[in-house]
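Two complexes come next, and they have one chain in common, subunit A, joined by subunit B in the first and subunit C in the second.
Then we have the complex of A and B:
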């Protein structure tokens, strides 16, 4: 009997050969890490995979060219004007667009979607509310005048591109008012329903979402700008990068999204696979807590900036997944500074440390997320810091634990990544170079606050830059802030992230944008 | 005339006692998990609202999650809800915890059951052979095989297994429970894909799901094989030295009967405990195997929830794990009573 069962098992193992199942021609299959996705409501989505989902299933008023961010164009807005006061934006809404539900899209839907973000006030709401909208005034300030016209009034004149870029972000996605409200419960504006459902007009529609397991999208057969070639897109949660690589090599997925430098290296010579790199906005940095006495000395901060072997790390450790970048605005942003004044210089660092009174060395801890590449980077930094007598004790911990420690200002050094929330320079300037209240009870906790860096003048400059309406002057203002920041800040800015998608060679047209809400599937063919 | 109480009557008498001890165990489990969850240095609000939320949003979520209340009050509220069958919402998946567990547990159940079956079917014969050929080459070979299974990290074994059987030899399917394009084609009835596909009469899907099970289940099964075979071997050695075995042999009973009927018959009782414990530990979900094989089971769910301080999910999953453990233990007690007359007293 037992032998019989064993034989059956063995034969199953041998006979259930899946005959190397290649992905069907009209289905795009991706191996990805989608376990960060906690909501499907665009008013709440604030995670990488969630942003990508919304980008493909919802439309916004405007979009930007992924290769040249300065190029802004209308999507659901056909055109727009900015009044002379710099505060009133009037959008002419595209006609003839229908939602996947079949309901026609009007200015009323756009107004509702933006108002809804403010009224629900979820994590990303500040992207829209920073223009002076509150639950009390938003119905007045964002208004559909008629079916084709939307008027959007800010509280003061901002740089127009600042406003427009924010309207390209995830919370500005337009939802189907009629459908959403039909699922409203207790005045929740359909939030509890939309969290796991879909009400958009984008090129794809939601078929299935199994959290941390699978996301399945179907082509929107009613899409106003042409039905995509892929009938279905499937994103499958594969946490392990080596497993992703194996699936890709076997052709069981078309694209692997989260490969590390090691996997990418070993795929370089594979004729069936091509690598598709795109610089993203993510900035890798060290945050030096100013509550630590040693780190609060300007010369110590400067010394540490000379103790990172930027180029060596990029070449040997990060190989193609990051490039050296030393200012807080990522390349591609208005006013981004590309100067790289720092390189490994142990002698200079030793001298600076001696001048600061730490010639005999010092000991620091580094709160480090226990995953790759953070751990590897921390170890490389630990090695070069040691050359000048700076002993770093790496404290490995879970990502959220490290973040909790960081936000409580309990760290010495924090190593981490910051990604912009939208394509305007203010997104990074307002966190790296703005801190109005350095007290422990402060309401706003930007990165400058988390490192206890008190900067009243620089905050002033940052606030001035966001209201400057002349783009050239504005760019110059950001450059000046970054130059000073580069010299004095407690941030050792090291790298800009590059996202690399590994694709089967037959896959064409997958668009990787500079942000996670600008990765698109509608052009994909294979 | 002396009456022997029947098995069921014996258990019937103990029901209140069993119930009480189960309830107490659950309460203790909840209590410990709840407080561990509150002292881990991870901010649960952060997990819910993300790093960029404004202070107002943060504060509102804190109140929504009830974290502004004193700990004992939080625990009390939670207990009351659990008694009403409400395990709360998971922050991570935006779904009720109960619904999540209904989704992830069958995946683990499927894997653990097949793995245990492999462990039993391979491990027990291995153990018997080891005992019978004690100190000779079959014993040595099996010992090395078991030792390997016991000492190599499952993570590595899983990856290498995939690389060889899926990557190179092409005889096993890739990771996941099923080929993606079959995804969502059968309605979940039991949650066990193989069974659901059979119920729906979808032979192809059933075959595919079964094929996806084989490799991860074999790797997990290898571990229980190693454990079960070592235990079987030592139990058998114990029995084979007993006098009744010598008597049986002297009586001229065929050697296979002596081993398989006489000795094994006595070994099956302690073996039940071994198998039950190994099954229960697999039912907790094997995080590493689930990660390598992209298997959306309980282990992965519990780990992800824990690392995000998603306490409703962690507590819900812990209760399931605890329930499974207690259930399997009760079951092995029951089997004991069936197989061992002494335990009926």
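Then we have the complex of A and C:
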């Protein structure tokens, strides 16, 4: 009987004091989709969450202001000079920086890190190698003259900002040469070790990584620019957006990273949560394969551009997460074009289709990643295309399958997102408006190639723009390319992405940058 | 006159019942009709089975009449109307693209029925033939056929179906083929077991003495006797087939958008579960009810058709 009373008392007590699962004061917990991360080696990382990891755990030579990307400043480089020939960049390396391992950081480490990217030649290597570096010449062209001086020599003069922006990208992260080489096996430059380990000098260090499950970072107690307030940052893999929302509302996580428009809507009035939006460089587009006879007709391409209800999709399905944008350079980039010449116009599209000989309609397939919001966007587009007699058959598949089909040029229409690799306009121009070799065996395969779009003249213009050293002239060149691109290209560019992090109100200082490798945790307090 | 008609009609009904229930039928037709009537009586005695039958009848009616009773087009999005709650205009609300959920569920019943019927038509005869041939022939043929069956049984059904769909490409036809390929082995096993008990019966031997060939024996003597247990099993499996089809649809490998397949509807609605519960829940309830219907019907049929209960 006594025990019974005690039980009842205890349950009353428990009812009155609901268990609150608050995250600890000095630990930041995030719910995110980190299952795309396949490597922790900065020379190999080419995924969204991998890039964010590298941004927080490694330092690069230079960085840019996330609110004004034109503002470039030194991080591990204290200063730099560009020689008059426009080809020789000399960096003065910051002294007194140590890696998390305790080794001092010197120009030798920087040179090794950049050389390593070229020698390993993984997916992102082109960001550095496009300046004419090859495994044979890189040791000559990127060289540490002494402990504080690095000389970087390109093969021809480029716009200096283009070179500098490339050095803010993930593959330019500086690794600890001594530590990496101590784990070298059979001349792999420590690749097999670094794939799952850490050798950097960033504000956080790697504690644990369980692929597709958990990423745990600890504050770097030796960080040269001040130790972060958060002792630990934990990223939990939570695939379902609805689950992320629930965890955030209950206070089990401090930040939810992948909420959709509708979840964000329902959080708007929650006093415990604030929304933190940031326009990103991600561009959503339809790729129209020029190998398809119908799509290769300019009038059909133009008609399809009139058959997407851009504004309505942005206002309903995607509200708050995307804005209408119809040129290949995202807003915030040098030379970005804000013209929006297209809106839903079924009559005009019908007329264009009839002129092209498809007045009776036509049937196309669309390779679609079977996740939200791609799937919903595809269905909305399917419905507006149908109004002019264009039947779209949606082929849902997982992301990898869709990409494989796209890269093999087997699609009719591909719906997807393109994220810039670095902050210079060339990153998008070189993929949307550059295709030198349209054969199936081509060595470089930009998006224009994937859609079999043969554009010798536009490629010429793109190449000219990247070597123009006057920023104003350069911007005008890109705008001219984009205007033509909007008219003739097989790309229906639709939206620019806005990343929204939903944060508990006590979280402050979380930095979302314009790119996926410029989201930073070092300022976070709560 | 009117007064006279009523008892007369009752008399006819009574007469029909007597004609059906007589212990001394005068023709084959009468005997067969009588057996069916007795089976029907024992079936209707099972309330749950009748409910199951009612659900399935309703499903068939819905599927046939969908275009007449659905208030909206099931596939045309109306983004202005998205995620509406239940109201007079949209009885069951709208989904993430503003399509009426009631209309989609009604049209979805066609797909469900399509899948179930086609799978049954493909898988049951296949299993039946493999099982009876294996059981009747014995020896090497039996071993080979049964080992093939074993291979198919060795994998979980959904996983194997996933593999087939991945190989064939997504689409409702391919999903049906994949489900059919993976669901015949149990029927083969049942048919084989029944065949082995029948193989050496006197009536088979008698038929053989009269000169009946193997094919005739299998088709005319063995298969009809295996049929009842296979039918029961198929009916009980229907729920599983619906769930597998819904599972494939959920994973994006079944019916292609914008088709209103119930599993795909759940997949589309799951991200709204917290705030717009009806988007995912209502098609889930539809799947639940139809699966339950098939299960109840199957249970009832088993009671009727099981030879051991002997038509009592």
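Criterion: the second predicted complex is superposed on the first by the 508 of 526 C-alpha atoms of A that agree within 3 Å, B and C clash if a C-alpha of one lies under 4 Å from a C-alpha of the other, contacts with A are read in each partner's own complex, and residues count from 1 in each chain.
Note that in this section contacts are C-beta pairs under 8 Å (C-beta built on N, C-alpha and C of every residue); 3 or more make two chains touch, one makes a residue touch a chain.
Here the structure is a predicted model, which means the values were calculated and not measured.
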For A:421, select first, second, both or neither according to whether it touches subunit B, subunit C, the two together, or no partner.
-> first
**Message:** Contacts for A:311 in the overlay, against subunit B (first) and subunit C (second): which applies, first, second, both or neither?
**Reply:** neither
Check whether A:134 is in contact with subunit B, with subunit C, with both or with neither, and answer first, second, both or neither. neither
Ask   = Is A:79 in contact with subunit B, with subunit C, with both, or with neither (first, second, both, neither)?
value = neither
Q: Go through the superposed model and pick first if A:211 touches only subunit B, second if only subunit C, both, or neither.
A: first
| message | If we overlay the two complexes on their shared chain A, which of subunit B and subunit C does A:240 touch? Say first, second, both or neither. | response | both
Review point. Thinking of the overlay built on chain A, is A:378 touched by subunit B (first), by subunit C (second), by both, or by neither?
Key: second
The answer to whether subunit B or subunit C touches more of subunit A is B
Exercise for review: Classify the contacts of A:266 with the two partner chains as first (subunit B alone), second (subunit C alone), both, or neither.
Suggested key: second
Note: overlapping subunit A surface for subunit B and subunit C spans 240, 242, 246, 397-398
In the complex, subunit C touches subunit A at residues 75-77, 79-80, 82-83, 96-98, 169-170, 251-253, 256-258, 268, 270-276
Per the touch rule above, subunit A residues touching subunit C in the complex are 240-242, 245-246, 260, 262-263, 266, 309, 312-313, 315-317, 370, 372, 375-376, 378-380, 382-383, 393-398
The answer for subunit A against subunit B in the complex is residues 2, 5-6, 9, 12-14, 16-18, 20-21, 23-24, 27, 29, 31, 35, 38-40, 46-47, 121-126, 195-196, 207-208, 210-214, 216, 234, 236-240, 242-243, 246-247, 249-250, 252, 397-401, 403-405, 407, 421, 443-445
Per the touch rule, the subunit B residues reaching subunit A in their complex are 40-43, 46-57, 60, 90-95, 100, 103, 117-118, 121-122, 124-125, 159, 162-163, 166-167, 170-176, 179-181, 183-184, 207-208, 210-211, 214, 218, 291-294, 296, 300-301, 304, 307-309
